[in-house]
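Here chain A shows up in two complexes: once beside chain B, once beside chain C.
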Partner chain A sequence: MSESGGPPATGGTVVDRLGAKLREGDAGLIALVMAGIYVLFTIFAILGPSQGVGGVVAALQAVTFWTALYAMLVLALNLHWGYAGLFNIGVAGFMAVGVYTFAAITAPTGGSPPGLGLPLWVGVVGGMLMAAVAGAVVALPALRLRADYLAIVTVAFSEIVRLTLLSTTFQQFTLFANVSFLPNVPLGTGAGRGINIPINPTIPVKSLYYTNPSNPASGSRTALGDAVISAFGAVGIRETVVVSLTYTLVLIAFVAGFYWLLRRIGNSPFGRVLKAIREDELVANSLGKDTRLFKVKVFMVGCALMGLGGILWETQKGYTDPTATTFLPIQTFYIFIALMIGGAGSNTGSVLGGGLFASLLFLGPQYVSRIFSKYFVSGDAPSTIVGALGPLGAADPGPLFAYTLQNISALRFVLVGVVLILLMQFRPTGLLGHRKEVAASIDLLDRNERADPDAPRPATDGGRVGDRDPAPTERGDRDE
Partner chain B sequence: MAAADRVADLRLEVAERPKTALFGLFVLGLCVDLLLKVLGVEVAVGSVKLFGGTLAASRLITLVWNGVVVGLGIGLAGIGLSMTYSILSFANFAHGDYITTGAFAGWAVAWLLAGLESGLLDGNALYLGTLGFGPEGPSAADLSVNAVGTPLSVFAGLVVAVVATIALSLVLDRAVFRPMRDQGGIAVLIASIGVALALRYLIVFFFGPTNRGLTAGGSKLILAGVSGSLALATERSTIVLAANGNVPSDTFYVELPGLNFGSYTAEILSVTSAEATLVVTSLALMLALHLALQRTKLGKAMRAMADNEDLARVTGIPTERVVRATWIIGGGLAGAAGYLIALERGTLAYNLGWVLLLLIFAAVILGGIGSIYGAMIGGLLIGLTQSVSLVWIPSSFSTAAAFAIMILVLVIRPDGLFGGVTTA
Partner chain C sequence: MSDDRPTAETADATGATVAEPDASAEPDPDHDDGATTTGTADRDELDPADASLVVEDLAKRFGGIDAVDGVSFSVERGTLTGLIGPNGAGKSTTFDLITGVHDPDGGRVTFEGRDVTGYRTAEIADEGLVRTFQIARELEEMTVLENLMLAPRGQSGEKLLNAVTPGLRGRVREEERELRERVWETLELFEIDHLAEEYAGNLSGGQRKLLELARALMVDPSMLLLDEPFAGVNPTLEEKLLDRIHELREGGLTFLLVEHDMNLIMEHCERVIVMHQGQVLAEGPPAEIRSNERVIDAYLGEDV
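Right, the complex of A and B next:
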């Protein structure tokens, strides 16, 4: 049912409406797709094990939360791959750099491992800066390589970061230990045990509701917290869901910020050069643009955004360790797949891709499996495929079915892989990647159309109108 | 005159490619350091140690041997990746999971046959076919599969690993890659990531996510210095006894004639039967491939196609047949490599190939992508880097060191060591 990566699993008439919305505006399109996803997940939640309003709200919160996280990172990756054609598949590594820098800056000085004990915003800025620096370190030598080599270098970088964080060598160390004129600064990664992050972006959110946000249980609620939590509690929504919901709103604000920033970059002269590099670097170079510098800059900006995305994603748990799935190479591929679904080069597509990936591919299978388990499976699932296949001899598919549902997380990856293959075979431009991006900050063509839709279009009149006319920019054709 | 010319050439080289020269100097420094360490010399300026230190020769020999073993596995696995890159012009991110598939297919059969041999098969066929996980299934120790004890089932497993991986790569080529022939390399690369994910997690679905023991038992051959002369034995206790003067008559013990090191008594190198199987088999396969590509027209056709596909087709080369041959050779060697690496490690998990893939990429890029000899040599160099780097850095960084070498080579010499020489 929800197994397709195409347009959201809604009816055929909706597709027509979607087409109409496409012409009207992007915010409407995103809202429409999200509404479709919400309807789907409301149905999932009602059918699933946890019923009631609380269950529905929790499901919708989860969908929105993951959508926002993926949308942020997909937007950051879109800046690399979609705008500048930089094939970065080391996203997880840059996220890890951001998160660990944030953790080292904000962790208390007496902690184990110790940090600098600085405030939240210093950590965010520091994490972004460090991710940008890491981006520069990778980009400076690697950007002159071919796209597939850059891919291998970035994925190797992300593995080097992860292995370094896992290593006990840097579990606890002292910065500037050998430099006499600088103070000794004890720091650490905590190796496999990870690092505690008591100060994290959820704290400001929690401080709205609790007098002691770092440990809500020990303090009491604020007046606002009391009012909001009891109001939501009256309809059966749990306290933790209310807090997560508020944090999700913060994430949505960040998604909007990312989107705005990318639009600004895309419409700026800087962004025009990026698109020129993506289409044909040689031409951009011949026109006197220092393409290498542009690439390094945009790589750094994208990495800083990935660092920020990583901080908002990973630190909300209050701790992190190198085995977190956020830092595994697979995470990079998730983000990449979301971008491919939405269509590289399109910001709206990036947000849509994040939403569709998070809902249909990431969360959907789990919800579907829970529903099936609830209605069709009795007893425990066999722990191995042998136990599942054995009864097949006696024409009893029940255990195999239960085993399949039990292992839906593995099959989810298979689904993701198949979707990616089909996408590349049949629609390499994704949902919106075929769109022509307007290069100027004002869409001149659009204005002409609106002024008088029936009037004949002005013929070639210099370069003013023709800003997006010359040479089709089909995204699929630009590789190699 | 000739010497002066050479010096002038070198000077030109250094001036033109300072980064390469710097890297060469770095490697040279490490070699000098290694030599001094083995000799036990320490060079220091003031209190700062510059070079040297202490390193037992036997440790270095063991590290080099481990590097060769790992490197041959990586090199064997890398050949296929290098070939698909040069013939089909895309980096195949699913190659690692071809390796895993080969390992699982081969070992499932090896276990079934070993079970048949030991009489454990009765009612356990399914458990053996899924490599006996779970509390109900037989364990590795029950079966005790190894290259010496059950050579037939190990060999049959190798054959199945090769055949299964060939079949898999042909099917996947037909279903995924062939419809995408006219698309760019990046699009196919991304599709291959999809293939990798789907394959890997299908394996998890069927075989479970656990890391299982595969082999048990097996024998080893120990090279040791006994009272100054070199000796071979199969048991460590034999060497201890021999050093004390009483050589047991019932176990294998041979003193090698010739060399004499005074009163040197220590274990130098221990080679397990699994390691020896890996080394011998991969060398044989590499030699066979070399002969096949040099003696037949296939090699020439591949070179032509790697150079210019359209021109090759115009010349009458059946390009699709060459592509099929590429997948057969590359897939078969990947399957063999996966099977042998699992044999050498004695354990097998679903992420075997994925973890290896980056190292294989490193090897292939180091050797020069597209060249099969480059893949072999690159594999050896990556294996040696990973192993010998333990002299200087903690073990948790050895993989990182291999990646760093790859990045360095990409930056300094993107064409690799054998750059420009494509396939055979």
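Right, the complex of A and C next:
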């Protein structure tokens, strides 16, 4: 390649790398699965209560939104469980720490409960740091013990956090009240009433479209907002969907960021030690690796990512309270199941697992029930199981059917259980858990790269430097 | 810590002994044998300056069993020393105590003049004292290449910041390229290069033993504790590995070897330590061990 004269255009390398990525199949695989999910949900939206193009776009937005949220958290958990084998079943707790720290930092000082009134980015950084610190506090005693103890400690931690937030003791309190040289800082969790989060990550998105982003109704649209919203409105897409769609794009960017970070962590000597800890900690120790340090570090990073994921997830509604599903232990298990579907240890698998869980298990049942309700059920569903089972005696399954559809979210647990059993039985490693993702910053097989000075060196960073043909388009002819 | 290379250490150490008049006689074990065997019953004392590893009165109880009961021995730098004894004699436990896997109930371990008793396993390995396991502990779901790449000490990419930050990662990659060369050379030496991409868990028993030995060597240790390294390795390869071990030993590396193959021990080791029921029964050159009545009674029986 060097004889082609002049450095290759940067555009060329980027294209090369994208091409290589696609051939490696990761980006392509995710795109393929998401396309399949989109087709399915388009069908769902068309069959369901008919809302035209707007309905389809809203459905696709919803599925992308939940995919992105789960993908982020599954990636963070993959760092713990997939890479280092740290059995963290307190994901919800670390999310809660992130969210409430964010809320306390950004909530206005005069609010009820009051906050610090600081800007958004301070809240995000603070929330991540606090989640990391919480991770360290939990991990330091537990990581010295056997792996199962970490599981017990983390699940207990997540419940302690949730119940503390629910307790009225901390509904409103004053920080540093008894420390004379520090200013008194009134704060609060709001207990069961929750806490308002007027400043949240959707605000920058809304400020693209509205002059008063914290309350769009009171202000007017910006020029961009006017153009975009009316353009989408013309095809029947509602204003709120447009805003959510934009926020979803932000989430996708974050997923990409998580993915990038995890790949770099995984494909490095650091990631190699993490893998060794997962496989056999004594071996890692016997080779001179102080595994405690690695475990605490990776646990803190993962917790910080969980905090960030929590913030992006929970604060976008503008308020939060401890009863939110995001903070329940079941959320941790959802994230675990998504990771198991995708395959622990694989980042691409994590994203796929997040997508498949969010679409098929999380949103799917709702959409299916809507379709069934539309075509097959007439009349009101009985309010109790007795009322649903009674008519069965008269060979009338209608009420039971209607009752089941009404309680479809409970049916989700059954579905999740079935999927879990099938997965353990037929594919315990998940979709991509079997894949070899070699932990090194370079291609370990390509040993002749240095020995042969004429060997092509297409990419200087990032993508694998391999013996593959580096130029699919631009330089292909020069290879002859 | 990790920057002092073992070769340099050994050079330093020999440098220190050069000050003493008889350092040139060091490779010849017979030299001090004549002087000391007559002293204590079965042990002959080693000049502390020549000892790489010194174990004194090491003890460990598991429940009611004295697994290791007052074990003392020393291993001379640059030698291949055999550690033998019947099953349950406490050989592997001694390894565990030396390498910090278990904390000893009593006694002292000194490595290269430094008291390492109670050090954590990782710290001891970082000192250059590396062990392998009786039942090979390969990292199953890591490839053979990854297993070897893991081992070297002081990799800058083991720091999270270096691994992730765009500017610093370049150096990590450069280091990894250099390591890769060493790894491939080691793989070829051990004749497992055709398995480079294979998961370690898919290897056969003998191959796992090879992998473990190769991995331990990648740490660049100054002393290796090998727990039955040749179990399941075919005789031809065993010969090759022994040649390699002798080469490394001549280069200054010290070996302590647990092995059940008596011929191998007698043929290749300069010195032999015999353990029985948690205690050192005898210590000395092979010829002496072979004729030691107590050893024959306790262990060798009529086989020799």
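The criterion applied here is as follows: the second predicted complex is superposed on the first by the 418 of 480 C-alpha atoms of A that agree within 3 Å, B and C clash if a C-alpha of one lies under 4 Å from a C-alpha of the other, contacts with A are read in each partner's own complex, and residues count from 1 in each chain.
Simple rule for what comes next: a residue touches a chain if its C-beta (ideal position, glycine included) is under 8 Å from a C-beta of that chain, and two chains touch if they have at least 3 such contacts.
Treat the numbers as computed from the prediction; the structure is a model and nothing was measured.
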Joint occupancy of chain A by chain B and chain C, clash or fit: fit
Which superposed partner A:F362 touches (first chain B, second chain C, both, neither): neither
Which of chain B and chain C A:L287 touches, first, second, both or neither: second
Partner chain in contact with A:F299 - chain B first, chain C second, else both or neither: neither
Chain B versus chain C as contact partner of A:I265, first or second or both or neither: second
Which of chain B and chain C A:K275 touches, first, second, both or neither: second
Touched partner set for A:F232, first chain B, second chain C, both or neither: neither
Partner chain in contact with A:A142 - chain B first, chain C second, else both or neither: first
Partner chain(s) touched by A:Y83 [first = chain B, second = chain C, both, neither]: neither
Touched partner set for A:L411, first chain B, second chain C, both or neither: first
Closest approach of chain C to chain B (Cα atoms, Å): 11
Residues of chain A at both interfaces, chain B in one complex, chain C in the other: none
Residues of chain C touching chain A in the complex: 2, 99, 101, 120-123, 125-126, 130-131, 133, 137-143, 145-146, 149-151, 153, 155-160, 162-164, 166, 169-170, 172-173, 176-177, 180-181, 183-184, 196-197, 199, 215-216, 219
Residues of chain B that touch chain A when the two form their complex: 90-91, 126-127, 130, 133-134, 136-137, 176, 179-180, 183-191, 193-202, 204-209, 358, 361-362, 365, 394, 396-397, 399-400, 403-404, 406-407, 410-411, 414
Chain A to chain C touching residues, read off their complex: 261, 264-265, 268-273, 275-276, 278-280, 282-291, 294, 297-298, 301, 345, 436, 438-442, 444-445, 447, 449-450, 461
Residue numbers on chain A that touch chain B, as the complex places them: 87, 141-142, 145-149, 151-153, 155-157, 159-160, 163-164, 166-169, 330, 333, 336-337, 340, 383-387, 389-390, 407, 410-414, 416-421, 423-425, 428, 476-477, 479-480
